[in-house]
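In what follows, subunit A forms one complex with subunit B and a second complex with subunit C.
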Partner chain A sequence: MASVASRRTLIGGMTVIGLVVLWFGLTTFTGLVTGARFPSPAEFWLSLKQINGRGYAGSTLASHAFHSLKLVLMGFTVAVLTGVPLGLWMGWNRRVEAFINPVFLIIRPIPPLAWIPLAILWLGLGDAAKILVIWFSAFVPSVINAFTGVRNIDKPILEAARMLGTPRLRMVREVILPASLPMIFTGLRLSLQASWTTLVAAELVGALVGVGFVLNMAQQDIYPGMILVGMVTVGILGWVTTLLLARVERRALAWNVAARD
Partner chain B sequence: MGSISFRNVDKVFGHGTGGVKALDDINLDIADKEFVAIVGPSGCGKTTCLRMVAGFEAASAGSVLVNGRPVTAPGPDRAVVFQQFALFPWKTVRENIELGLRNKNLPVGERNDLVASALKLMNLETHVDAFPHQLSGGMQQRVAIARAYVLDPEVLLMDEPFGALDAQTRVVMQEELVRLARHNPRTVLFITHAVEEAVYLADRVAIMTRRPGRIKEVLDIKAVRERENWDSHARIEDVMDLESFVHLRTHIWKSLREEKGFKDV
Partner chain C sequence: MTSPPLGFRETVLLGLAGLVSFIGLWSFLSVSGIVPAQFLPGPLDVASRFVHLLTAPFAGATLPAHLASSFQRYAYGVLLAAAIGVPLGLLMGFFRLLDDIVTPIFDGLRFIAPIAWVPFAALWFGTGVGGPIMIIFAGAFPPCLINAYRGARFVEPRLIEAARMLGTPSSRMILEVLLPAAVPSIIAGLRVSAGLGWQSLVGAELIVAAAGVGFMMVQAQGSVQTPTVMAGMIAIGLVGMLIDVLLRQGEGWLRRRRGLDS
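Presenting the complex of A and B:
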């Protein structure tokens, strides 16, 4: 197994090196792609130095990134704290599902990004509008996966818990919640992805700070180097937060055979 | 005390013309501390009988009584051992066994003593902190049996508990269950489609017909066992070699063969 894993790393590393060589080749060495279309590595580096030094679009990269990260985490947290309990409740209680499901069926086909204009109209260009939109987009996967998690619980497990005389609250905390946890985490991963997508879109449309705002300004300034900086930053932020979530998941699901590996 | 009575019990699944009659006029009385096995062809409704005593299903007609009172809901006085173990995968062995005692609000000290003796009873002491997925099937079923026994239930309901185990593990578990049942007798309703298992374990064996299931015949095994002194043989294969055992087994086999649609084994 170890040799397969290391071979995979090797191949992956070669792909990355190949891409960098291709990047140099197409821009700096041959000039097939001009700096007006896509920045060369040198231009990218200069843009990075500029935004880290003097700043760009009002502040440094770190503070843009920090601001975006903060909004994503806030929106994601609100979405999870509301969505997971609702999904569990719907899964457990068919009457609740009957009440709420129609609302879902109406709202679900509306892409979360379509809420952005309304959110800006209500709450302006500040943080509140963005958190609201992230909430809309991250809420749905949290609800649906928590719901599915409850519905897919092995029936004998519930019967065993009832046979043991498990009272209601303990049933939720020690049986239903952990049994649904693998599906809940699937929902959280999708919610996190949705949070980043929505935030960048919202910042592109209207913002005064943030990575999406950097992208928007760089586009208006026709500044490909800075656009790439913004893109790479969002990519890294998304990657790191996903990695952290996966680590939490591994710890929370240590008992789960399917989650190991 | 733990007696079980089926009184004219019918069970129909579904409604109206689409309904399927699973059980037809079941009558069976199981005395306190008696071990009764029900055998029957697949789909004859034997598991449904157990699930009605457990409180997971309600009878469509007639009544299911435990200690003379109708069953209304599941409860720890009727502990169930499931075919697929039904352990909580996120709980350790100790936590699985302990849950029922916590639900009874027993003080910690008493709880620990009971868990310790259940662990000892099922030879699980070295696996206290393991999660179910780290254990073999046989070990998992030991945990499930310990989880049931620790409740000190009036009635123990076992639904093909060894059906998911390999042949060797199965034999070990059967021997252990006999040891348990003889030293610590309690009312047991045991569902199986393995004829030898039923004869080896039970005081009486009830044979069911194919669907809709009826009780066809009830055999008194205990009388034969005591007369022929089966319990003087420690090993299952020695018991299974006895003429009296073979005789009973063959009788049940023939009775089951008469049921069309009997495809097991």
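Presenting the complex of A and C:
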């Protein structure tokens, strides 16, 4: 096993080195790919220095990134706080499910990104419109997975709890919520991904600050170095938030892993 | 135990009640003027605008014409993603070295939202047909690759051993052992891809495009024609749903033919 892992790391490392060499080779050394198409490493570095020093598109990279991160966290949190309880409720009570399901089925096929023009009409180019579309996009996976989580709970567990006369509130807090938590976290991962996609799209369509706005300005200025800076930033932000969520998940589900071992 | 399943009648009645309250609330907000009708037109206004747009051009074309041009780009993007992603995934499932090389690259790119490719797509392929196709490709590619890879990777080892023992060459191994065994997984991946590709298409058209439903919606937003924006949303939702239904049918047909479902 160890040799397989080290083989992977070795080849992976060589691939990364190979890509960097290829990047230098195609741009700086041979000029096969010109700076108008894709930036050379030097151009990328200069763009990075510019946005961190003088700033670009109105502010520095850190404040653009921080602003985008803030919006994603706000939209995501609102979506989770509304979506998960609704999903749990729909899973628990079939009347609620029957009441809400048809409306849900009508709204769900509309891709979250299609809400962007409407959100701009309603709320303008500021933060509120972005939070609204993030909420739309992250809400659906939260609801569906929480719902599925409740429906998949082993019946004997619920019957046992009920037979012991567990009161309602304790039932929700100590049986239903923990039992559906693994499914809920699956939904949260999807929600987080959807949040980033939607935010970047919304900022590309219209914004005054944020990573998507940097991408938008760089596109209009035909500035490949800055486009790459924006893309790398989007990737890093998505990666870091996913890691954080996985951390929270590990901590929240510690009991579950222990039970499996 | 959750509450017992409802009867058919109760389900239908409650569902209708849900729909009626949704449409009622929408109409109430719009008609009463709590939200100005300019920003939230009533359901009837949206429906009549939808019908109107079927024949009257807006932003250069009628709604069906916009849909047709959107769908063309969409089909190219998804087909390209399938044509590259599925074979690459199968090969990765068979050749270890390729897997070890491609996986780190793929993992590095995974966290970049497909929509973030818009500026490079516009720079490399223009904003007409090529740029949007690249963005749809970026959205639809990962599930094609991952599912073909998983399908090929988790083929029963006995099958592979048997084929290998009989001296099957690699090319036949991939085409006649891995591919058929991976088909269910591949089809599931294609369905996810189709959905993500449609989503990316909408994003691409909102940002860069000179035709298509997304473009129509942005134009309508610019001139504060809310009913047209909402009619566009409905059209996008309907087509997305239609694509999903057709693929589900296709999946079912394929599974039945292969005897996976009795």
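The definition used in the following text is that the second predicted complex is superposed on the first by the 245 of 261 C-alpha atoms of A that agree within 3 Å, B and C clash if a C-alpha of one lies under 4 Å from a C-alpha of the other, contacts with A are read in each partner's own complex, and residues count from 1 in each chain.
Here, a contact is a pair of C-beta atoms (placed from the backbone, for glycine too) under 8 Å apart; a residue touches a chain by one contact, two chains touch by 3 or more.
Quantities reported herein were computed from a predicted structural model and do not represent experimental measurements.
Visitor: Check the residue A:238 against both partner chains and state whether it touches subunit B (first), subunit C (second), both, or neither.
Guide: second
Visitor: Now for A:63: first (subunit B), second (subunit C), both, or neither, which partner does it touch?
Guide: neither
Visitor: Looking at A:34 after the superposition, I want to know if it touches subunit B, subunit C, both of them or none. Which is it: first, second, both, neither?
Guide: In the superposition, A:34 contacts neither subunit B nor subunit C.
Visitor: Regarding the shared-chain residue A:91, is it in contact with subunit B (first), subunit C (second), both, or neither?
Guide: second
Visitor: Contact-wise, after the overlay, does A:215 reach subunit B, subunit C, both or neither (first, second, both, neither)?
Guide: second
Visitor: In the superposed arrangement, which partner chain does A:159 touch: subunit B (first), subunit C (second), both, or neither?
Guide: In the superposed model, A:159 contacts both subunit B and subunit C.
Visitor: State whether subunit B or subunit C is in contact with more residues of subunit A in the superposed arrangement.
Guide: For subunit A, the partner with the higher number of touched residues is C.
Visitor: Touch check for A:52: first (subunit B), second (subunit C), both, or neither?
Guide: It touches nothing on subunit B or subunit C.
Visitor: Looking at A:174 after the superposition, I want to know if it touches subunit B, subunit C, both of them or none. Which is it: first, second, both, neither?
Guide: Once the two structures are laid over each other on A, A:174 reaches subunit B alone.
Visitor: When the two structures are overlaid on chain A, which partner does A:6 contact: first (subunit B), second (subunit C), both, or neither?
Guide: neither
Visitor: With the touch criterion stated at the top, can you tell me which subunit A residues are shared between the subunit B interface and the subunit C interface?
Guide: Common interface on subunit A, subunit B vs subunit C: 159, 162.
Visitor: Applying the document's contact rule, which stretches of subunit C touch subunit A when the two form their complex?
Guide: The contact residues of subunit C facing subunit A are 1-6, 10-11, 14-19, 22, 39-40, 97, 100-101, 103-105, 108-109, 111-120, 122-124, 198-199, 202-203, 206-207, 214, 217-218, 220-221, 224, 226, 229-230, 232-234, 236-238, 240-241, 244.
Visitor: Which residues of subunit B touch subunit A once you look at their complex with the stated criterion?
Guide: So the residues of subunit B touching subunit A come out as 54-56, 73-76, 78-80, 82, 84, 86-91, 99-100, 102-104, 131-133, 147, 151.
Visitor: Which part of subunit A faces subunit B closely enough to touch in the complex?
Guide: 154, 156-157, 159-167, 170, 174-175, 178-179, 181, 254-257
Visitor: Touching subunit C in the complex: which residues of subunit A?
Guide: 7-8, 11-12, 15-16, 19, 36-38, 91-95, 98-103, 106-107, 109-118, 120-122, 150-151, 155, 158-159, 162, 193, 196-197, 200-201, 204-205, 212, 215-216, 218-219, 222, 224, 227, 230-231, 234-236, 238-239, 242
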